Amino acid sequence: MAKKAKIAIVGGSGLTGTELIKILDMHKNVEVKYVTSRTYEGQMISNVFKGLTCNLKFKKSLDIEDLNGIDVLFLCLPPHDSMNYIKSLYKQFSGIIIDVGSDFRLKDAKEYKKWYGKEHIIPEILEKFVYGLPEINYNDIKNTKFIANPGCYPTSVLLGLFPVLDQKIKIKDIIIDSKSGVTGAGRKLKDNYLYINVSQNFYAYGANGHRHTGEIEQEIKSIYGKKLKISFTPHLLPVHRGIFTSIYCKIENDYSYSEIFNNYYKNSYFVNVIDSIPQIKDVCGTNMCNISTMYDNRSKVLKIFTAIDNLVKGAAGQAVQNMNIALGFPEIEGLIKEGLYT
Amino acid sequence: MAKKAKIAIVGGSGLTGTELIKILDMHKNVEVKYVTSRTYEGQMISNVFKGLTCNLKFKKSLDIEDLNGIDVLFLCLPPHDSMNYIKSLYKQFSGIIIDVGSDFRLKDAKEYKKWYGKEHIIPEILEKFVYGLPEINYNDIKNTKFIANPGCYPTSVLLGLFPVLDQKIKIKDIIIDSKSGVTGAGRKLKDNYLYINVSQNFYAYGANGHRHTGEIEQEIKSIYGKKLKISFTPHLLPVHRGIFTSIYCKIENDYSYSEIFNNYYKNSYFVNVIDSIPQIKDVCGTNMCNISTMYDNRSKVLKIFTAIDNLVKGAAGQAVQNMNIALGFPEIEGLIKEGLYT
Amino acid sequence: MAKKAKIAIVGGSGLTGTELIKILDMHKNVEVKYVTSRTYEGQMISNVFKGLTCNLKFKKSLDIEDLNGIDVLFLCLPPHDSMNYIKSLYKQFSGIIIDVGSDFRLKDAKEYKKWYGKEHIIPEILEKFVYGLPEINYNDIKNTKFIANPGCYPTSVLLGLFPVLDQKIKIKDIIIDSKSGVTGAGRKLKDNYLYINVSQNFYAYGANGHRHTGEIEQEIKSIYGKKLKISFTPHLLPVHRGIFTSIYCKIENDYSYSEIFNNYYKNSYFVNVIDSIPQIKDVCGTNMCNISTMYDNRSKVLKIFTAIDNLVKGAAGQAVQNMNIALGFPEIEGLIKEGLYT
Amino acid sequence: MAKKAKIAIVGGSGLTGTELIKILDMHKNVEVKYVTSRTYEGQMISNVFKGLTCNLKFKKSLDIEDLNGIDVLFLCLPPHDSMNYIKSLYKQFSGIIIDVGSDFRLKDAKEYKKWYGKEHIIPEILEKFVYGLPEINYNDIKNTKFIANPGCYPTSVLLGLFPVLDQKIKIKDIIIDSKSGVTGAGRKLKDNYLYINVSQNFYAYGANGHRHTGEIEQEIKSIYGKKLKISFTPHLLPVHRGIFTSIYCKIENDYSYSEIFNNYYKNSYFVNVIDSIPQIKDVCGTNMCNISTMYDNRSKVLKIFTAIDNLVKGAAGQAVQNMNIALGFPEIEGLIKEGLYT
C-alpha cells in the first residue's frame, strides 16, 4: 500500500473539527497525526467526544517543528486566528494548507477589513490562496499549496448561481433567502443555541449585512465579469444540519434553465441537478449539493433551490474534497454520498 | 350574566376545528352547541382528542333546522365543501357565517376557477363576503353577516405589506419567502407529513403557483390601487406551529419604515411592531402577529419579517377575533396573547 | 368586582417564574405587583421575554416593606435561596408564602442536609409548611400560610402511587423510570442543554441518587404508614415540556386497579384516569395529570403511567392551584385544561 | 481484487431495507445484484429515495432461478412473509439466508404461535437458524447458512443482560424500560407516526405483552440456564433513530459489575463499556452498543443502561456484521463506528 498522507488539524474540537476527524477516519489514504484543542488539551479525543473513535490526545498547539513531515494542515479556527497562526510559519511549511475558516477567502484586504472588522495581517498571501470550490476551481486547486475553503452559505448560494452567471444572461436582481441548521453556529455556549430557544422556533438574523455577502459578491464578479449587489438574508432552522437556499433572480426571459444546469454540472460528482425540489434530509451527512430550478413567468423570477449539509459540503467534506484533488486522490475518497434520513 | 352566543362548527375534527373548539372553550360569552365530523360521528370530542375537554358528541351533519337559534356558524371545511354546504341554507340562516376555509376569499369567480380548479357554485354571494382581516377591515366586519377568514400565508404576508402599500410608495418587485409549520397542512395522512419526513428536514413546495398567490394579489390591489405581480414561495418548517414570512420589496428609497409601521398599527392589539426580528416561539399559541422591518441600502431592498401562529392568527384565532368584532364582544376575549415557549 | 389579591414573585426570570407570570396574567382574581430578577433588574418583562405581555419592570429585590399589602408571595428560587430569603421576614409577613422551590418540602432537617448538601437554616419552620399536593392535602392547604410546592418528578410519581398506597396492599418493590422534557432543568446555560446535545438524543442522568428520591419516600411513608425504599431514575427527553413516569410495582395479586384509581380521583378536577396510556402532548400546557394502569400477570408487575406538564402541574400551575385553594378561589381559575398539541 | 459476494435483498423499500442498501453500498467486498419492492417495482432506487445512490431498479420479486449465483439473501419482510417466501426455495438455495425479520428467531413453534398469532409453516427449519447476536454466538454464525437477525429491542436488552446472566448471580426480578425512536416502526403510514403526533410527545405502548418479550426470555434462558419472567415495556421517543434501554435487576449484592462487563466484552469491537451513562446521539448512525452499569445499594437494584441505533446494530448493521462473520470478511467492514451528532 502507498504511504499515507500525514494530517494535522489545528482547532479540532469545534463542530467542523470533529466532523473533519470523523471523515478522515473513514479515508483510506491519510493518517491523522495531530489534532489541537486548547479546551481539551491532553484528553483523548474519543473520551471527550463519545461518538468518535480517534484515540489521539488533543495537543495544546503545533509549532513549525511539529509540522515537519506533515502533508496537509487543516485550520478550523475562528476569524483572525488562522492568519495569526500561519503568519510565522507558512513560508517554512512545505505541505498544503487548507483553511476551513474565513481568513483567506476574500482576495482584497480592504474587503476583509470591511466584513471582518480587523486589518488583515498577511495581505500579501491573499492572492496565493485558491477559493476552494472544486466544481468551479478544480484546476487551480490541483496546483496550489494554499486553499481557502468556502463558507457554508456561499457554497449553497454559488453552486446555485454559477450556471446562470456563466451564461452572462441579464440579471436585474438577486434576492437570496438562506436557512441553516444550528450546527452552522458551531458549539458556542449561547442562550440562542439552547434547545428551548431553537426547537419549535425559526427566525432571520444578521439581516443587515452578513459577512458572507462579501464572499458571495466577490465570486459572482469573478464569473459574471461585473459586480452585482445581492440581498442576502440568513435564517436559523430548528435542525442539526443542513442549509436550504432559495435564490430569486429577476430575469426577463425563460431560458432552458434545467438544461443549462444539467450541462454545467454533468461532470460534477457531488452536484445533483434534480427534477423535484431538493430536501435537506437527502443530503444530510453527505457531501452532495442537490439543486433544482423553476422559472415563474408571471413574476419573471427564476427560482433556484439548493440543499447541502453545512458541516460536510459546507465545511469539512469540501475541505477533504479539496485535499483529495490537491493530493491526486480519487475526488470522492472518504466522502459519503448517502443521506442519513433515507 | 348576559345570554351566551350559540355556536355551531361544521368540520370540527381537523386541526383548525379542534383549535377553534379549544379557543371557544376559554371564551366567556359563547356556548358551543354543535360540532360536526363525519369521521368521528357519535364519539365524544374529549375521547377522540384527549387534549380537549369538550364533552359534546360529534354530529354527522347540521341541516337548516339544527341551525335554528345558532348565532355564529363556523365552517372549517376543505375547498369546495363550504360553498356546497351553505348554498341551500345561507338565505334562511339568520346568524353570522364565518368561513375559515377558502371558498369566499376571492371576489372574482374567475379567479376562484383559476386557483381552485372548479367553478364557483354561488358566485352571487362573493361580493357579500367581507375579507376578515380585522386590522384592515374592522368596520366592514362589524357590519356583515358573511366573513371570509383569510388564509394563513396571506395573513402573514398582508399584515407585513399593508403599511407600505398604504403609503403608495413605488415598489418595483415583491418577493415573498414564507415558511410554515406542518400544522398548516392539517391532519392529512400523507407520507410527507410523517415524522421521519418532516423532522430534521426542510424544503420549498408549490413553487410554481400556490393558491394563496391570488388572494394576496387581490388584497394588494384593493389597498395599493393597482395590481402588483408577486413572487410567492412557501416552505415547510419542521415545527408544529408558526409561519415566518420574509418579504423583500425592491424600493429605491429609505423612508422611515419603522415609524410608518408603528403608526399604522398603533391601535391594533394583535399586531406588535418590534425592534428585533420576530421569532416564531414568541407568537406560538397566541393570536399575535410580530413584525419588524429593515432597509438594506446596498441592495435597495426593504426586508419585512412577520411571525404568526398559523392555527391561531392564521386560522381559528382570527376567526374568533372576527366573531368578537361582529358580535360586539371585546376584541381580545378568549384569545391568548402569551407565547407557549417563553 | 371583588378586590384582587396582590401577588409578588421572587425569582421571576427562570422558566418557572415566567410560566407563573403567564398563568397569573390569565387569572381574574389576582394582580401581580412585583416580580424580581437580579439578571434583568430594571427591564420591562415583555421586552426581555417577547412572548409575555406583562409590562412591569423586574425589581432587583423585595424587602419586608415592599411586601406590605401583598397577599401571596411566590418563591421561584434555586435550592438554599428560599430559606435565606424568608428567614428574616416570614414572621412579619402576613400573607401566604408558596415556595415553588425545594427548601421546605422535606420535613426532617437531616433529610434536607442529606439530599441538598447544606444545613437547613430555619428548621423550626419545616413542620409549618404543608406539602402542596392538592389532590392529597386539600384541607391542609386550605388552612395554612406556608405551602411547599412539590417537585415536578414527585408530583408525577406520587399522583400515580397514592391510590395503591392508600389501599395498604403489599408492595414488594417500586421501580420508577421518569422521563422529563428539558425545561425541567430551567434556563441554565450548559452544554448539556444546547440544541445539538438535546435534540435527537436521550439518556438517563442522576442515576445514583436524585434529590427527589427523599421527597418521594417521605410522602410514600406518610400515606403508606411505613418506609419503602424506591429505585428512581430520571431521563432527559428531547421535548420542551412534559414528564412521563413509568412506575413498576411488584405486587403478587391483580386487584381492580382501574376501579381503585377512578374512585380515588373521582373528585379531582386535574387528575384524569384514562383507559389508554397517557401521552405527553395531551397534557402539555395544562395543569392536568393523566394516568393509566395495567397489571401484568406474567411478571406480577403493576404498571402505572402518568403524564404531566412539568412547568404547569409540576411547578407554576400547581402553585396557582394551591393559591386558589388557600384563598378560596375556584380551584381551576386561571388554569388551562386544553392541550397544546390537539 | 477478490471476487465480490453477490447479494439479493427481498423487501428493500422499508426502512431496514434502505439502511441495508446504504451500508452495503459502502462495503468493499460485496455487490448488490437485486432488490425487490412491490410498491416501487420498476423504479430506480436512487429516484425513489433521493438520499441513496444505488442505480438498480426495484424488482417485483425473486424466484429460485434469480437466486442462482447469489451468495447472501437478506430478507427484510414483515412477520409471516419471510417463512412464506423461503418455504419453497430454502432447500435449493445454496447461499446464506439472513432473515432481518422475525420469523426464525423463536426456536419453539408454539412460542411463535403465541407471540405472532399464526402457525409457523416451516417449523422444521427453526432449529437450523442461528440467533445472530455476534457478541454471543460468533462461532455458530461462522458455521451456518441460516441466520435469524435479532430484534432491535432484544439486541439492546440482551447485550445489557448477558454479562450478568453469565455470572449465574441470583436475580430476583428484571424490569426493562425501553425507549425507541420512530424508525423502529418502519415507514408505516399511520396517524401515530405523523410529525404532529410524534414530535414533542412521548408515551409507552404495547405495555401488555410486546412480541419481543418471548425472544428476550428465550435467550435469557439459553445463557442463564433457567427461565426468568421479565417485565418489558417499550416507549416511543420523538427521535428518528436510537434505542435507550434501562434495565433494573433486583440483586441483593454489589458485585464488581463494571469489571464483569469490561471483561465480558473485551474482545467485542462493537460493544463499548463506558464510565458515563450512554447517550443515543453517540451511537446514532453506527453499529455500536454503548453500555454502563450502576448498583444502587439503597434499593438493591443494578441499573444497566444501553444505547444502540435501532436501524444499524438493531437491524441492518447487525445483519451485515453477521454476513461479514459468515463469509469470513473483517467483522467491521462497511460498518461505521462514528456517531452522527458528534
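Each chain carries a letter (A, B, C and D) given by its place in the written order, and its residues are counted from 1.
The rule we apply is simple: a contact is a pair of C-beta atoms (placed from the backbone, for glycine too) under 8 Å apart; a residue touches a chain by one contact, two chains touch by 3 or more.
What you see is a predicted model; the values in this text were computed from it and never measured.
Asker: If you tally the C-beta contacts, which comes out ahead, C-D or B-D?
Answerer: Most C-beta pairs in contact, of the two: C-D.
Asker: Going by C-alpha centroids, which chain is farthest from chain D? Tell me that one.
Answerer: B
Asker: Using the average of all C-alpha atoms in each chain as its centre, how far is it in Å between chain A and chain D?
Answerer: Using C-alpha averages as centres, the distance is 37 Å.
Asker: Based only on mean CA positions, could you tell me how far chain B sits from chain D in angstrom?
Answerer: 47
Asker: How many Å are there between the centre of chain C and the centre of chain D, using C-alpha atoms for each centre?
Answerer: 40
Asker: Using the touch definition from the top, which residues of chain D touch two or more other chains?
Answerer: In chain D, residues 15, 196-197, 200, 238, 240, 278-279, 281, 284, 340-341 touch at least two other chains, as defined above.
Asker: Name, in rising order, each residue of chain D that touches chain A in their complex.
Answerer: 15, 18-19, 22, 25-26, 49-53, 200, 240, 274, 276, 278-279, 281-286, 290, 336-342
Asker: Residues of chain D touching chain B in their complex?
Answerer: On the chain D side, the touching residues are 15, 182-183, 187, 189-191, 193-200, 238, 240.
Asker: If we count contacts the way the header does, which residues on chain D are in touch with chain C in the complex?
Answerer: 173, 175, 177, 179, 196-197, 200-205, 207-209, 229-231, 233, 235, 237-242, 244, 246, 248, 250, 277-281, 284, 294, 296, 298-299, 301, 303, 305, 307, 340-341
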